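What follows is a group of structures, each given as structure tokens.
Both complexes below contain chain A, partnered by chain B and then by chain C.
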Partner chain A sequence: MMQFLIKGVFRDRHRWLLPIIVALAAVSILVFTFSFLEGYKLSFERQTSRFVSGHLKVVSRAYAEMLDMRPYDLALLDIEAELAEWQKRYPQLSWAQRINFGALIDIPDSRGDTRVQGEVIGFAIDLFQDDTEIRRMQLTEALQSGRLPQKSGEILITNIAFEKLELELGDTVTLLGSTVFGAMTMQNFQVSGTIEFGTKSLDQGAVVADIQDIRQMMDMPGGAGEILAFFANNEFQPKEAARISKDFNARYSDPEDEFSPQMLSMLEQGNIGYLMQVFGLGMLWMSLGFIFVLGIVLWNSGLISGIRRYGEFGLRLAIGESKRQVYFSLLVEALFTGVVGSLLGVLLGTAVSLYFNRYGMDMSLYNQSGNVLTENMLYAKLNPITLLWSFIPGVLSTLVGAALAGAAIFKRQTSQLFKELET
Partner chain B sequence: MKMRYLMLALLLSIGSLPGQSISAEEILNKVDANMISKSGKSTTRMVVHSRRASRTIESINYSLGDSKFYSEYTSPPRDKGTKMLKLDSDLWIFDPNTDRTIQISGNMLKQSVMGSDLSYEDFMEEGSLTEDYSAKIIESITHEGRACWVMELTALRDDVSYQKRRIYIDKERFVSLYEEWFAKSGKLLKTVSASEVKRISGRWYPTKILFKDELKQGQGTEYYIDSIEFDITIPPHTFSKAMLKK
Partner chain C sequence: MKEVIATIKDMSKAFPTGPSQFWALKHINLQFVRGEFSGFVGPSGSGKTTLLNILGSLDGPTEGEVEVLGANVHQLSQKAASKLRSEHIGFIFQTYNLLPVYNVYENVEFPLLLLKMDSAKRDKMVKEAIAWVGLSDKIKSRPAQLSGGQCQRVAIARAMVKKPELVLADEPTANLDTENSHHILDTMARLNQELGTTFIFSTHDEKVIKYLKRVIRLVDGEVASDDLASGI
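What follows is the complex of A and B.
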């Protein structure tokens, strides 16, 4: 019976061509879109963890209350002994001390008076102990001119700020900020190079300095605003992160002491968890949307095909087939064309996605106008779930289309079908 | 003899009885007369309470009229040598560690001075209340055991930092004992409480003041005037930019 139906489908080009093309096109688009979204999500995850959140982050409880404001005056101070203990207890994590700060950058004229001022955000990272942080922040790739800082007192500045402030490499600039106690503080730095991260929010005006210099400037010996922790394979593991943060907080965090440490998983920081959830839900909604839209397209093509096949249906009813059997055979045909079209779509989508997985897509133009932290080159990411999420809507939409179109069979009177057969 | 002194004292006290046909402007003039001098030199301590710790910052300050002000921080060691100069509407800070003189302007004026509850803008305020505000007397109350007028001050210009103030003026000493400073929207921004007032060189002058930024958590900033001299001769070069780097 199946073979008979399948042969029937493939001997009539009108029955398979359009449904298969539609399913193929839709599924390949879905595969590519999902793999692109997955790549985008991973890029966001990587970039956000590098610059903002780590996979886990340790801050003081007071700091955690105002996490988005990054109040470094509530930083953890003299934290090195504790950090050594945490490193022993959680060897699967790699740690990075950071101070994120806002400052005014003041450029002197030849007499030492203010020539121009601007606002910058600052990243204080460990630049000299080893190159882990340099690699993590991708500073070598971000370097546009000059060189990376090689000694204390040197900073990198973003290209836009560099040009706006009419600086030259090697110029001395003064950063004005507040100490951890709120007093105004100033420190001179020499510009060793310019950088561009490729993200508008960072590139508008940012400086990167060594954490020891900023500790001295901010009067926070052995302190860090945030201590980021990364999984060794550099991939975020939500369940493991949740387990570690729970264990850490039970051991080291004291609700009575606002300056005791508190660990936060990446998903617990600001709206990162929400955004990640949106990415996941986005895939579900896109699948449902595709089923709906394709269902309508295939419903229409099924209706056209059904009208063309009224004669055939009339004949089949005349020789004793029930309406239910005719309807069922239509669904089987649709299932078959749906499976074939979706498989082809998966193959095509996979091929396109693999291309972008290998060569990536240049998003630098988009990033220049956006504030979401993603890399300039986005690489599509394929995984089995992506393929399944694309394949199922392809088959379902073909079935839904056929089911809707085939419902017309039940509305037709047998006599009417006979009449149409005669004509 | 004793009787004559008693009568004199009684007469003097009757002369300064509260509410006896004195206008709001006259009150402000008397307050200004206490607070503003041709020149002055003071040593002050500022105790700044933050969530993390309390710090004491000491300074020596010089003023000429109400538009020239020079201050040098003497303690703690980290801030020693930091100098501040105000000339009319300009404000400069000299930092000895960087050997830089920076002009404070724009948004920076709203920043806290040494982490205190005072902003640079507060330092920029000209001293005379009568020049900046129109005033009316609201009521008479007793504040901290002292008879006071409650006055409402409304800024005469838009560039005055606090568009409204409610102040409690000691009826006898013509010193402000408590102030509330408001934004144009009516939001309370700061409160100022004088808890110690001393008679110095014929003036009543507050020597212990608590400034509280109502937008910040914390206990406020205590400001102590340890010594103050009025109408002294100060070399003119004290109020010059060159002095900052000396």
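What follows is the complex of A and C.
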């Protein structure tokens, strides 16, 4: 019987064309949207971990309480020995000491007086020991002019700030800030190159300097505001991160000592966890929304198709099918068209997603005006869950549409359906 | 003495029309025996189709009792009514109502699929029924490729394929020309004779009336005359 009905579906394009087209279009959009969102999420993860959070971060407990303010005066000092132990205990992590700071940048004129001043945020990273941090921050790619610092006393400055301050490559600039002890400090640097990260929040005004120079300037020998840790494959692993941070804190963190180290997973820092949760919930709500909207669309198309088929239903009831059987057969038809449409949608969506997975999407214009840290080239990311989350709504919405439309069979008298044979 | 296959006792049927009711059938008393070739005759609105629907368990009476093939129509559940129709009753309609996406073979096969018959037996019965109506050469044709008369013959084959005890035919010749009408009626009369199937028609077509062995005239929902009662 099922074979007979499916044969009928195949032969009557009114029965399959619209549902399949709707499911195909919706599911392919869903696959692409989800893979785009997944790519966006991963890009956000990568960029945020790269510049802000690491996959894990170790700070002093006092610093952790004011994490968003980056209070480097609450930094961990003289932690080389501890860091060596952590590296040994957690070999799966790669560590990076950083100091994030705010400073005034002062540009002198030919007489040595202030010509212009501005505010900058500073990233102090290890520029000279090896190129790990240079690769991690993608400084080579970000370089717009000049060269990367090659010796102590050189810095990079973002393009916007460079132009705003009317600088030339090789100019000397003075950074003014305060030491960890609160005293005023200033140090001269030579501009070796300009950079552009492609993200508005970073590109407005930032400098990148070697951490040893900044330690000296801030009077914090062997200190680091934050020690970031990254998984070797450079992909954030939430469960493993949670496990490691729990283990670390149990071993090394003392709630009674505000300068004892505390490890925070990326998700525990600021609103990053919340944003990640929003991505996940977004996918769930999008799926439910699609089921709802498509359900309504297919309900209507099912109603139109159903009205056209009342005569057939009447005939089938007359021949001896029960209303339940007729209704069930409609659901089977919907399941069939839903599965076919959704599979085609998955294929189409996958093809489009693979294209953007390979060639990426240039988001640099968006990033110039946005404050979310994402990479300029966004690559769609497909995974089996994405495909499942797209496939299921396609099938479900077709079923929901048919279920709602088919309910009309139960609402009508058998003899009334039968009568429709004559109309 | 012939076996009674349907009995209608003081049956009335009303349809709601706003706050009041319209009585489509009033105090009907009839009995049908196996092998009859009878029909309800009357103008539009006289209650012919309603009566056929009730005999086919597609609708129930408002008052009175209707027993078809041993089953009380009023008390039948939907499932039991479907089973009664699928196993024992065949329907023929004025507009043929063939399923357009299926060919002749598949249209005739459809009622047997509901009976969950094995495919070899089903195939034999389908081909036999198509042969009864003389369409063996059109077995793969779709309804759109057939004439009106041929379509109605397919509908007859579909109604007869399961060899039902009762066939209800609602205005079966209304859309046919004279030649095709006679052809159809000859076919049904022959099947009535050969298989002993009971046929009950609803019609106002004089051509059909001439074939009927029993004419029950309905006027305004009441039996105005019955050949059996008048001894014709």
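The working rule: the second predicted complex is superposed on the first by the 423 of 423 C-alpha atoms of A that agree within 3 Å, B and C clash if a C-alpha of one lies under 4 Å from a C-alpha of the other, contacts with A are read in each partner's own complex, and residues count from 1 in each chain.
Rule of thumb we're sticking to: a residue touches a chain if its C-beta (ideal position, glycine included) is under 8 Å from a C-beta of that chain, and two chains touch if they have at least 3 such contacts.
Source: prediction; values computed, not measured.
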item: Partners on chain A (chain B, chain C) - clash or fit; value: fit
item: Contacts of A:312 with chain B and chain C, given as first, second, both or neither; value: second
item: Touching partner for A:321 - first (chain B), second (chain C), both, neither; value: second
item: Touching partner for A:184 - first (chain B), second (chain C), both, neither; value: first
item: Which of chain B and chain C A:126 touches, first, second, both or neither; value: neither
item: Where the C-alpha centre of chain A sits as vertex, the angle toward chain B and chain C in the overlay (nearest 10 degrees); value: 140
item: Which superposed partner A:11 touches (first chain B, second chain C, both, neither); value: second
item: Partner chain in contact with A:240 - chain B first, chain C second, else both or neither; value: neither
item: Partner chain in contact with A:62 - chain B first, chain C second, else both or neither; value: first
item: Minimum distance between Cα atoms of chain B and chain C in the superposition (Å); value: 75
item: For the chain C and chain A complex, residues of the former touching the latter; value: 49, 53, 56, 58-59, 78-79, 81-87, 89, 91, 93-95, 97, 99-102, 106, 109-111, 113-114, 158
item: Residues of chain B that touch chain A when the two form their complex; value: 48, 50-53, 55, 57, 78-79, 93, 95, 97-103, 108, 111-116
item: Touching residues on chain A, where the partner in the complex is chain B; value: 62, 73-74, 77, 104, 106, 108, 112-114, 174, 176, 178-188, 219, 258-259
item: Partner chain C, residues of chain A touching it in the complex; value: 1, 4, 7-8, 11-12, 311-312, 314-315, 317-325, 413-415, 418-419, 421-422
